[in-house]
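Beneath this line is the structure, given in structure tokens, with notes to follow.
By letter and in written order, the chains are A, B, C, D, E and F; residue numbering begins at 1 in each of them.
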Amino acid sequence: MDKSMLGDLDSLPEEDKLRMSSMIDQLQIRDSLRMYNSLVERCFTDCVDTFRRKSLDKQEETCVRRCAEKFLKHSMRVGMRFAELNQGAATPD
Amino acid sequence: MAPTNSPPAFEKEQIFGMAEKEMEYRVELFNKLTHTCFNKCIENKYKESELNMGENSCIDRCVSKYWQVTNLVGQLLGNNRPPM
Amino acid sequence: MDKSMLGDLDSLPEEDKLRMSSMIDQLQIRDSLRMYNSLVERCFTDCVDTFRRKSLDKQEETCVRRCAEKFLKHSMRVGMRFAELNQGAATPD
Amino acid sequence: MAPTNSPPAFEKEQIFGMAEKEMEYRVELFNKLTHTCFNKCIENKYKESELNMGENSCIDRCVSKYWQVTNLVGQLLGNNRPPM
Amino acid sequence: MDKSMLGDLDSLPEEDKLRMSSMIDQLQIRDSLRMYNSLVERCFTDCVDTFRRKSLDKQEETCVRRCAEKFLKHSMRVGMRFAELNQGAATPD
Amino acid sequence: MAPTNSPPAFEKEQIFGMAEKEMEYRVELFNKLTHTCFNKCIENKYKESELNMGENSCIDRCVSKYWQVTNLVGQLLGNNRPPM
């Protein structure tokens, strides 16, 4: 998630700005790690269904790659649309 | 906020606490929106890694409608401000 | 969630009471914001299934309203039953 | 708790930490119960916004049974106290 | 989750060790309480489907017991395998 | 890290904050893995409370494959270290 969506810090005194900025950093780190975990869970659930061997076969690996890439592209597009709505740039239907 | 006579340290903690909750809320909103629209718009066979045209326009409309539902539910809950 | 379910503060010294009460407030704020998010997610998932336009149609809007109202009524009823069980007021079948 | 000779500040942090976890647990229990019983009892076509009689009695029994499952699982996990 | 999986504290100064150890304790408490909640949710969802009475019947109770016991055994086995992978003890297929 | 001239208290907070996030991540990875492999490997009729041979070997392979997916996705995300 883009840092700028989390708030505008310019109006704060210097000391609070530092603290707020550190808080945002911490939230972003937590968010990326959670995103990583949930991306793995989703692509594993959608792509891996047989357990006759302990290694991924070629087909599963391809599926996981596409799933992860597709999710990242999706997530970027959602981020752009979301940012537009936040800025009130939404246009009627 | 009271200007001077109140305990400023405690009050500041409250304000930072509120700001933190707000930001957590925004992150969670974004994540739920992302996952929900992925479920609605992306076929989970993953035949390719690109988004096709149908998926792209589905995503745009999904985000827009999710936003409207957020506002609608916010009104019912008595919020008088937009989701962000 | 009702604040009284989270604990009894009367036995604490004044200073700790303030801190505990502030902690409960923070948890309640977080809980309401999460409830808001999950209510939106649920009603969106159950009510919106077509993406030919970028605005909700009348039927979807009605569905979302009913879903949210129903969930809130449900949640209140669960809260009452839950409080009874907490007070040991549960009666046999 | 040791009365005086231990570091009281650190110990107090531990106690507040525990109390916080306990409260988070209660909130999460309530939320999971609410969502699970909604899934079990409420038809998701939303033909009206009122709860009907069947839904109401389903909710009451669902809460009661969920509570019993919480106690039962608690016993198996070796908890010797009720869920709250 | 086994405490040893969360990190090696030996290299830290005494004061930080105490703080880190307390942080790990807090995370473990939170994790056990969450595990408890999600185990209840899973076994309830899988085992309880009729709401004609307010008490569990014999069959539901048996199902819940088995579900919980099975989950705990499963979780222990996953923990062992997970620890092996963490130690790089994974062998090829 | 700067050796001396930086504010050490603030810096230490950052380090502890990072360590906390890392540990939360590991706990969440373990929990998601556990739940996902339970869904994939355990039949949910619960006819007995023991794991049978098929379930046991399914669990072992499921953990191994989940681990590989974690590494694979980590590479795509540009992580240059293993998941733990």
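The rule is short, and it goes like this: a contact is a pair of C-beta atoms (placed from the backbone, for glycine too) under 8 Å apart; a residue touches a chain by one contact, two chains touch by 3 or more.
Chain-to-protein mapping (UniProt): A, B, C, D, E, F = Mitochondrial import inner membrane translocase subunit.
Just so we're clear, the structure is a prediction, and the values are computed from it rather than from any experiment.
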item: Relative to chain F, chain with the most remote C-alpha centre; value: C
item: From chain B, the most remote chain by mean C-alpha position; value: E
item: C-D, D-E or E-F - pair sharing over half of the A-F contact pairs; value: D-E
item: Chain centre separation (chain A, chain C; CA means) in Å; value: 26
item: Multi-chain contact sites of chain C, meaning residues that touch two or more partners; value: 34, 38, 47, 53-55, 65, 69
item: Touching two or more other chains - residue numbers and ranges from chain D; value: 22, 24, 41, 60, 64
item: For the chain F and chain E complex, residues of the former touching the latter; value: 12, 16, 19-20, 22-24, 26-27, 30-31, 33-35, 37-38, 41-42, 44, 46-51, 55-56, 59-60, 63-64, 67, 84
item: In the complex with chain F, residue positions of chain E that touch it; value: 1, 5-7, 16, 19-20, 23-24, 27, 31, 34-35, 38, 42, 46-47, 63, 65-67, 69-71, 73-75, 77-79, 81-82, 85-86, 90
item: For the chain C and chain B complex, residues of the former touching the latter; value: 18, 22, 26, 29-30, 33-34, 36-41, 43-45, 47-49, 51-56, 60-61, 64-65, 68-69, 72
item: Interfacial residue positions of chain B with respect to chain C in the complex; value: 10, 13-14, 17-18, 21-22, 24-25, 28-29, 32, 36, 39-41, 57-58, 60-62, 64-66, 68-70, 72-74, 76-77, 79
